[in-house]
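In what follows, chain A forms one complex with chain B and a second complex with chain C.
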Partner chain A sequence: MNLFKRFSQRLGFMILTLVVMSFLIFLLVEIMPGDVAQTVLGQSATPESLAALRESMGLNDPLMVRYGHWAGKFIRGDLGESLYMRGIQINTIFWRKVGHSIILALTALIFYVPLSLFFGVFAGVKAGKLPDSIISFFGLATMALPEFVSGIILITLFAIKIPLLPITSIIPIGETLWENLNILILPALSITLVMFGYVSRMQRSSMLTVMNSDYIRAAILKGMPRGYVIFRHALKNALLPTITIIGMNMGWLFGGLIVVETLFGFPGLGSLTLSAIKTRDVPLLEASVLFITFIFVVSTFITDMMYLFLNPRIRFKGSDS
Partner chain B sequence: MKNKSILEIKNLDVEYSTLTDKVVALKDINITVEEGESLGIIGESGCGKSTLSYAIMDYLPSNGLSNGKILFKGENLLEKSPKEQTKYRGDRIAMVYQNPYSSLNPSLTIGFQLDEVTMFHRGFSRKEARNASIEALKDLYLGDAAGIVRRYPHQISGGMQQRICIAMALLCKPDLLILDEPTTALDVTTEVVILDIISELKKKYNMSLIYISHDIGVINKVSDRIAVMYRGEVVETGSQHTIYKHPEHPYTRALINCMPRSGIVKEEVRLNAIPGYVAKRSAAETGCPFVSRCEKKTLICQENYGLKESKANHFSSCSRAYAEDVPDKERTRLKIPLENNVKEENILSIKDLYKYYGGPGKKVRALDGVSVSLERNSVLGVVGESGCGKSTMGLTVSGLLKPTKGQLIFDGIDIAVSWRKRTPEILKNIQLIFQNPGRSLNPSFTIETIIGRPMKKLLGIKSKTERRKMVIDILKKVDLGEEYLSRKASQLSGGEMQRVALARAFSISPDLLVCDEPTSALDVSVQASVLNLLGELQQESKASYIFISHDLNVINYISDYIMVMYLGRICEYGRKDEVVGPPYHPYTEALISAVPDVDPDSAKQQIRLEGSPPNPTKKIKGCPFEGRCHKKIGKICETTAPPKVYFSDDHFVFCHLSPGKLGAK
Partner chain C sequence: MKTILLHLKNNPLAILGIMILFLWIFAALFGPALLSYNYTEMDMEHQMTTPGEYGHLLGTDALGRDVFARIIYGSRSILTVALMTSLVSSIVGILIGFTAGYFGSLVDTFFLRAMDILMAIPPLVLSMVVLGILGDSSFLSLTLIVSIAFTPATARVARGALLSCKGSEYVDAARIRGESHFIIMFVEILPNTIGPIIVEITARFAYSIMMIASLGFLGVGLQPPTPDWGMMVIENKSIIRAASWTVLYPSLAIASLVIAVSLFSDFVSKVMIHEK
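Coming up: the complex of A and B.
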């Protein structure tokens, strides 16, 4: 009952966020300098042809009408037509690239989540001892390196010095990602390097807090062996906050993909967004940014639900005395 | 016949090394606990009581170093490997902590946390373990044991949580049970029940107990012998009776005299306050730990310092508690006793005050129709268990909360609005003191700024030098010297902070001071001095107080009138002497009987209240106390709101019982 109430609350909130954000994105692109018609027709276009194009694209309608039109099309799944690549439906290229990005993001996630959680917990348990210092140092060092630096280091190491993996992550024409899975590794690793320090530090500090809590002391003084206390009593409570952070960062991760994708030439949402910016391809840009927002909001929602499920204190709130 | 000893601590020292120096937490502790014996350890915070219990469990922070011997049934626990330790912990030696809520894992069911104990120590199967757990819960008189094991800790009340913790400790029938302030976080009515259960189970299983508390009344109920600790040392041990009646160490005597206790009221005595506070002890320090605060010190008193047996089973490291070469300080009492029947005009009239929290359906009735008046120049004590609405009342009077409906007539004006809508005059005249002064004083401001600010804002005193003079004056009144002017709030101890908070409140001479548990966070010795100070300031300024506390002894000490609240309603109101004596409301009676006595020889009739106050979201038709009342008449208590019955002009109760029955045993 309560779970349901909270669920619907969050769901409503999520939809509201999406509506507001979509409007903001629409507005932003609207007020961006530069005239769409001009972009399309080029500098030498006559005023008449510009006006005609504006009319046919609906650029002269009132703002709200245009927003409604635009949003309606989005909901129906029609992302519109690319401006730069005239005549090409955004739908035909967009989803494939999104798919690539999701696969890359998932690969990165599979790399860095278990790694950083494990080492975070380990550092927390060994707080103040040598392993802790090593992990913390490594985490800090990699966190300080931006993606493009760590990416270049990785390329130098694993593609040039030891030519194990391809330097760039371009999919040869005519092939699909599935035939080229090895191109995922280096970009995913460079994301991992950046996220590792961050997540493992989070995990370390939440593990420390839990290990110093009264209930862990009580469990130890109940005579439970240390390993058991860590796994059965501490872990669940210590993982909660970190999982939340990871979830929240999903959207951010997608943003961060832009850098990595560009560096490696990986054909994903990031590169697509970047080229949309470069070519002033407004509909494509809107679609990309809105999609990133969507991912962000949905991942927050999922995290929230997950947290709710893992934490009985929230789950049963209201049934307290 | 000498009993076998279960625990023998020999020359135990514990030191903590910090970056800069070493702090002594325990010094040369020698204690024995015999089979089936219960040892109470009393002392203020920072005296090493908890460190001692963790030392026994060999669970000290990593910068703690222990030296000496802790012999449990002849084996030195300090020499055990981590693996061997797990065989003692939770099995032969178990512990119960102050805060049951945080001692239970929030994400595991109660059943799981109970079962694992016997699964580990006894090798029980899941099913056997569950049965054992349910049995243990039944030992603690927890009704629906089979239902409780499936719940999570936050789903049950604090009193139940503590019973579960005790049940958990008793699962393996330990030889020694260490209880570290197990009832401090609970209401008195819950406390008595738990203390009873502990005594009963101790007998049943012939356990030895170490019971740690700052409250000698509680210690008296459960211990055979008492050890008094001060700054990491055991300064005196003896039977309950000797410790209370014939203490030898000046600290013991001073400590007992600090405690507000039944029969001690401000009209008759000033509480004894021990000047200063419990300081950290450096490794270099030798000799008597109490010397800086001792009233009885002489030039040579320390030559002979050290724990000695003075009489059989009575050890003390100093025997100058009643030394006559240094006469007792004169204990002046507060000057003006309450003049009978001199009615002052009312400064505040509360009329039919309601305060609801939360939305429809989940409405919490924090105040449910309270009407009471407060005379000028008097102290109204408000007492009741947590959740009775006493704090809400304080907050509505001070304007931090806006009442849902009702009137607050202050000086002829209705002030039932939030403080933002009050005139500066009224804001100045009603001041509030909190339990935790640290939160209400900005830690980075100097004391001069803190006290000077309301003077500038509410009194409009612009000149800085003038303000400084006034601040110095007011600091003197709260026994703080000029040197405090430039200190920051964060550098003060709890007692000093409360003094500063008082100074700030009194700097603008208010007519009404609302004190919400002002001494609950303080140690008894400091509490005594703050209570004395509150009493003096009141007499001097002729201000009125609303003094809110859960501690009936404190209320009884400081108040002229007492109001007893239950579930947002008044049970009883009257002059102090009328309320604490019969005839009284059944709830008042239960509350008074629940307060553990400081005097171990007092034989007080005990009334046990089962359960805890009902859910405050339910609408109550009859008497709010009906579910727990030991004198309940019958249906009428459930269906009809009890009438207001007057025993004298200003003493009334809300109860269906005829007045004759309200005093009867």
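Coming up: the complex of A and C.
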């Protein structure tokens, strides 16, 4: 029963967040300097044609009416028409780019989750010894780097010094991402370096906490093999907090994608968002930012639910909230 | 002070971090006066010179501008903006977080929910969109927008720090003496939460550098002719094969500064935990 209560609470909050954020994004774009009608028609437009366009685009309506209109279209899945690329429905380009970004994010996840869990556990088990110091320093250093700096270092090493991988991640015209999978490697590795430090640190500290708990000490003192205790008893409990951290960081990951995609010229949601800003493409910008928020909110919600489900103490008693 | 030195002795990485940080501060303060090139000066005869040739220590870019001079000048803007950002976001965070934690109940609930909602958009995306929309970022707009983007996080830390002291006897004593809420919050409680707050400010300084560099890279940071490390990277990325130094050295500058600050903030947090 408690599970259901928590579920509906979280769901309600998720919807509230989306509504508030969508309104904020709408407001933000509203204050953008420059006139939308002018942008569309160009500098040579006559005042009459500007006025006519404003009327037909509904720009003269009150703010709340326009928001309602925009949000309504959004919920029905109509993202509107791009301002910069005249006559192109955003839907026709948006979802392909979102797909690219999701594939890139998943590739990065496949790289960094096992790596950081493994080294985090390893550092936690060897706490205070040399391997721990090396892993901790490496993690601290890579975590601090902006994604484009680790990207440049990777490009210099694996695309210029050793010409293994492409410098840019552009998909040639007429081809799909699936025919060019090697363009994913360097961008995904750039994200991996940044996330590795963070996740492995979390894993190390939760491993330390578990290894110092009474039941693990009892198991070791009882004479059970250390490896067995680590894998059968400690890992189960030590992984839970890290899984939460990984889920909570999905939003951060998508923020990082903007930088990585710009560096490599990868055709995804991030580079699309940046170009929407540069070209002052209002509907495209609104769609992109709202979608990034959506991904973040949904992944937080799923993480929260997974945590509930994986933690028997909450699942059965529900006293932890 | 003595204990801090003792901690330093056992932490060679922290010494390294502090040394690099001081080197950059020195470069920002006195570097420009010692340079033989200006950051906008174009050496038309020596474009894309390799490092070390014709008196260009780190080479020149496609316009013949000295890479070393641009990096040294660039350290000024990134250090000042990052320092201001970490201070402003921490101060605003303390004001908001303390108010919420101190008054509790409805104020606190409203605060927590509002922060949760604001955190639904990554700080980088938020700053990028706002700065991009406003256009032509200045020192002031960059500092303010990044500070706002960081405030939900700093306010949460400040609130947590206040809550850990709120139940103490000295707070009750001050209340019974009839001190005002303002005095209790900022004269009684604040000095006792200074540890976690200093840790937060130094950690925030590292995030700020990372953020300012990324925003410069995305082209929404400080505008030319101010040399910006992040912008140098994206400007020259297309010539990375022919002149890798134009991209690699600014990247390494960012890397060295941000790692130095992280080592420093890691050290500060260890000392503060130990002090307790």
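Basically, the second predicted complex is superposed on the first by the 314 of 321 C-alpha atoms of A that agree within 3 Å, B and C clash if a C-alpha of one lies under 4 Å from a C-alpha of the other, contacts with A are read in each partner's own complex, and residues count from 1 in each chain.
Keep in mind that, in the parts below, a contact is a pair of C-beta atoms (placed from the backbone, for glycine too) under 8 Å apart; a residue touches a chain by one contact, two chains touch by 3 or more.
These numbers were taken from a predicted model, which means no experiment stands behind them.
Visitor: Which partner does A:98 contact after superposing on A: first (chain B), second (chain C), both, neither?
Guide: Touch status of A:98: no partner.
Visitor: Going by the contact rule stated at the top, is it chain B or chain C that touches a larger number of residues on chain A?
Guide: Between chain B and chain C, C touches the greater number of residues in chain A.
Visitor: Name the contact category of A:128: first (chain B only), second (chain C only), both, or neither.
Guide: The first partner, chain B, only.
Visitor: Now for A:272: first (chain B), second (chain C), both, or neither, which partner does it touch?
Guide: A:272: touches no partner chain.
Visitor: By the touch definition at the top of the document, which applies to A:144: first (chain B), second (chain C), both, or neither?
Guide: second
Visitor: Does chain B (first) or chain C (second) touch A:195, or do both, or does neither?
Guide: Neither partner.
Visitor: Which partner does A:233 contact after superposing on A: first (chain B), second (chain C), both, neither?
Guide: first
Visitor: Report for A:243: first if it touches chain B alone, second if chain C alone, otherwise both or neither.
Guide: A:243: touches no partner chain.
Visitor: Answer with first, second, both or neither: which of chain B and chain C does A:213 touch in the superposed model?
Guide: First partner only, chain B.
Visitor: Which of the residues in chain A come into contact with chain B in the complex?
Guide: 128, 213-226, 228, 232-233, 236-237, 310-313, 316, 318-321
Visitor: Spell out the part of chain C that touches chain A in their complex, as residue ranges.
Guide: Checking each residue of chain C against chain A gives 13, 113, 116-117, 120-125, 128-130, 132-135, 206, 210, 213-214, 217-220, 230, 233-234, 237, 240-241, 244, 247-248, 251, 254-255, 258-259, 261-263, 266.
Visitor: What residues on chain A touch chain C, complex-wise?
Guide: That would be residues 13, 16-17, 20-21, 25, 28-29, 31-33, 137, 140-141, 143-149, 152-153, 155-156, 160, 167, 251-252, 254-256, 258-259, 262-263, 273-274, 277-278, 285, 289, 292-293, 296-297, 300 of chain A.
Visitor: Chain A touches which residues of chain B in the complex?
Guide: Touching chain A from chain B are residues 57, 59, 62, 82, 85-91, 94-95, 97, 99, 102-108, 113, 116-117, 120-121, 152, 154-157, 165, 168, 362, 612, 615.
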